[in-house]
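In what follows, chain A forms one complex with chain B and a second complex with chain C.
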Partner chain A sequence: DSHIQYERVGADVTMKCGSMDWDAAVTWTVNGTDINDSRLNGSYLVLKNVDLLQSGQYSCYEGSSWHLKYQTYLRVGTPPKEPVLMCRSNNYPKGFYCSWHLPTPTYIPNTFNISVIHGTKDMVCEKDAVPKNRCHIRYLQLFSTVKYKVTLTVTNVLGKNFTTLTFDEFAIVKPDPPESVVAKPVPNNPRRLEVSWQNPSSWPDPESFPLKFFLRYRPLILDQWQHVELSDGTSHTITDAYAGKEYIIQVAAKDNDIGTWSDWSVAVHATPWTEEPKHLTTEAQITETTSASTSSFMAPPTTKICDKGAVVGSGAVAVCWTAGLVVAAYSVLFI
Partner chain B sequence: GDSWGIFTFLCAALCNLPALPALNCSEELGAGQSIQQTYDLTRYLEHQLRTLAGTYLNYLGPPFNEPDFNPPRLARAERVPSATVDLDLWRGLTDNARLAANYRAYSRLLCYLRVLDRQVGTAELRHRLAHFCASLQGLVLSIGGVMSSLGYPLPAGPAAPPAPPGAPAASNDFLKKMDDFWLLKELQTWLWRSAKDFNRLKKKVPPAVVTLRLEARGF
Partner chain C sequence: MAAADSPSAALRRRDLCSRGIRLAGKMRADVVDLLDIYVEQQGLDASASVAAVEGVPLAAVERWDEQTGTQRLLENLAAYRAFRALLAQMLEEQREQLGEADAGLGRALAAVLLQVSAFTYHLEELLRLESRGIPGEEGDGPPPPPRLSLFEQKLRGLGVLRELAQWAVRSARDLRQLAKPGSATGTAPGLAESP
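On to the complex of A and B.
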């Protein structure tokens, strides 16, 4: 019959072939592959200093009849290390949630048990379906002077471990980042960007528990951020943007009075409004006028370029594209 | 010295008079602005308290100055007014009830703090406590001003100055220190709560309404 056997990494494991005598002739296999006789001590299989790779299905067959006498699934793992626990209130004053994980895997199944004590009262932390390893608690009372003590115990077949967090109601308040951050250029204003955002949807009561915001922005080409703190409102106009440069902008939120700042919001990019380049005909005519009087920038006169339209002051409508572009390019460099 | 005498007098006045006369300055400003000022004052006090509490708890010594110190609440400490309240109840408080709760709490906390001041050992602590008490005094007056300008009666003070916590067990030094610890904790929690109370009041008291009320009363 088949069962599961859990062993610690580095342990010595001896497997018996069911009820067979020590001196019986048997063959062991692991995951269907024969194991050579050097690992055997009589009919016992001896695995010294097991490692994770030795996990698998071990089967023992009687020598001649090939009857399956014993089968076990060996799972090599470790007892749990101290778990990592975090508690946070992103929906103040409704309550808080705690989430946890193991710093290193154990490679075998673990169970988690969480307890929350408030003063002398035991509270129930309701487990969330998704994500796993998370539970939430509703506050029964607000503005409590008594701390909350959360203990997380993790247990598996090979051992157990735990960690405890003790905190005040106010200390764990941290909203989610602001949502729907939008940055837009302002028409006819080459140094402005209009940024707007919304309160995080998880914050239940912004009327009674208002949030304040922190905006940071920088042009992509620079490393230094500029910061603005805003005590109310969900929009702000940046007035000192570098003209024509693409900006990256983020916003964070915090309860007006308690707790810590949220993580930064998703970054948005925006470039301030820039003037449209003028129509090319006008440009070329003006630059042809100027370049006619300065000899250095004359386009090399070749018959294949313009035969008409490049005459100064002629007001010619037909502009030769090639000459026009070349001259325009030179003149743009020197504006 | 002299300042202590003045404070004692003020405490007695606060504790014994049924109501403060309405303050002219807050009527002129309008309740909206007074609420903002009261809110600002609670934030200032909260900031001041952080330094004061740190110094005082160090003075009390371990375990009171340890960050994880989390003692059970003893029944005797209930005399200090608690900010803790049921969420729905807190939400449903009328403006009058909300302001009155704050007024009563800080009046009593102020009296307790003054008793502390009398007993404290070091000059530095006495100085800090005196400064804090003066600011807390200002907060109580500010709340009173808001209530008056909104036409609410001021809550009656305690019949007699409240018995200082720890008086029955003066012989037990540790219990006395526990009382001090809880007093500071409640004060801190009240200041956090007040910020939220005044946020709510800010939204609910538009200046226009207040002007009407003042006019109706012939001010």
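On to the complex of A and C.
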């Protein structure tokens, strides 16, 4: 006969070869491989301090005839630890869902049982087909101060464990992140980026249950985020971007009145609009081409700090440079 | 008075609803702050469960999305009238217990009472706009409750403030439903089905 045998990690396991006598000559195999006689006590197979690797199909054959006398599938595992349970409403006010997992695997089958109580009322948490470790509940009441109590019990052959969550209706409201975040440069505006997004599709009624948003952005080369909170609308124009720098932008959402912020949306990247680079020319070239050409080149405005021949400092050495070059040099230094 | 469904009435309704939503939001924020003060001053555990207290209107509602506009307004009005009386009672009890020793709590209670009164008026205006008769207040409010011990008074106060905080959230939602274009007080706009 063949069956499944569950044993705890670290246990000592003794297997009998069916109805064979203790002193019968037998051969034991595991997954088709012969087992060393050193593990036998007569015809019994003795496994001490079993570990996970010893799971497998164990078979016992009569010595001379090789008739199969006994077969079992040994599954080594552990009783369940306290499960991790989370409940959240990402589709308020329709309902909420609870999901769970074990902090460490048991390596043997487990069954999960969930109970939800609201005050004195038992509620049914309908299991989702996918994923399997999740169930959902429709709110029967809204705006209740009575807490919900959710108890999850996990059971396997080797033991059971449970955990309980108690919460009120508002505390678990957490929308999904905003969707379709788009960031675009604004033509002719080197310091602006236009960002737009959409409400998460799982939020059923944004008109009656409006969301507010939190936008964060930074240039890729810096670690510090800028933050903007927006109480309405699904777009925003960033007006203080560093010219020419690529930005990373994310958005989060929260119900206007209750609950917590969503996770951050998928990050988008954008660089503000920049002017097409101009062709630089020397003074000589400008002189050559002045009378003949209709160049589109326009030198950036410059301011001379001092005139030639002016004295700076005590050494009577004249130094003169243009402000535009100084600003450019400082910009490169600090960004 | 303009007909309930005239353009000017619709504009007035939207305006009243917008202001009411802002008032409800401010009221909720202040009640939440007041709850913190109250719990601390009264020596209560913030997580203590308080059984439903007689006379305190419960914000909890079934089939909220199926309510008509008129139902929403009437239920809100009844609730805030009750809160107005309950807060006035709390204020008096608090003054009796602590006198001037806890002026901060008294001021915070009085401020919330004022907002509740203002919101009540707001609701009455909305009902008038819908050409609905405003239900009269029953006598001078709820019948005086049996004399409670000091601890029972404190717990009841906690229950009152918690329900008021819930009502403030519910009221903002109710007014948003009312403010929806095409929302008539006699029909129940349902929630959009999620995809």
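Rule of thumb we're sticking to: the second predicted complex is superposed on the first by the 277 of 335 C-alpha atoms of A that agree within 3 Å, B and C clash if a C-alpha of one lies under 4 Å from a C-alpha of the other, contacts with A are read in each partner's own complex, and residues count from 1 in each chain.
Keep this in mind: a contact is a pair of C-beta atoms (placed from the backbone, for glycine too) under 8 Å apart; a residue touches a chain by one contact, two chains touch by 3 or more.
This is a predicted model, so every value here is computed, not measured.
J.: Using the superposition on chain A, decide if chain B and chain C clash or fit.
T.: Here the two partners, once superposed via chain A, clash with each other.
J.: Taking the superposition on A as described, I'd like to know which of chain B and chain C A:K149 touches: first, second, both or neither.
T.: In the superposed model, A:K149 contacts chain B only, not chain C.
J.: First (chain B), second (chain C), both or neither: which does A:S202 touch?
T.: second
J.: Looking at the overlay, does A:T120 come into contact with chain B only (first), chain C only (second), both, or neither?
T.: first
J.: Counting only touches as set out at the top, which of chain B and chain C does A:Q141 meet: first, second, both, neither?
T.: So A:Q141 meets both chain B and chain C here.
J.: A:P93 contacts which: chain B (first), chain C (second), both, neither?
T.: Touch partners of A:P93: chain B and chain C.
J.: When the two structures are overlaid on chain A, which partner does A:D257 contact: first (chain B), second (chain C), both, or neither?
T.: A:D257: touches chain B and chain C.
J.: Of the partners chain B and chain C, which touch A:K184 in the superposed model: first, second, both, neither?
T.: It touches nothing on chain B or chain C.
J.: I'd like to know which partner A:K212 touches here: chain B for first, chain C for second, both or neither.
T.: So A:K212 meets neither chain B nor chain C here.
J.: Overlap the chain B and chain C contact sets on chain A and report the shared residues.
T.: 93, 140-147, 170, 207-210, 256-258
J.: Show me the residue ranges of chain B that touch chain A in the complex, using the header's touch definition.
T.: Result: residues 43, 46, 68, 70, 72-73, 82-87, 90-91, 182, 185-186, 188-190, 192-193, 195-196, 199-200, 203 of chain B touch chain A.
J.: Considering the complex alone, what residue numbers of chain A touch chain B?
T.: For this pair, the touching residues of chain A are 93, 119-120, 139-147, 149, 166, 170, 207-210, 256-258.
J.: Hey, which residues of chain C end up touching chain A in the complex?
T.: Listed in rising order, the residues of chain C that touch chain A are 25, 28, 49, 58-62, 64-65, 162-163, 166-167, 169-170, 172-173, 176-177, 180, 191-195.
J.: Using the touch definition up top, name the residues of chain A that touch chain C in the complex.
T.: So the residues of chain A in touch with chain C come to 91, 93-94, 140-147, 170, 201-202, 204-205, 207-210, 256-258.
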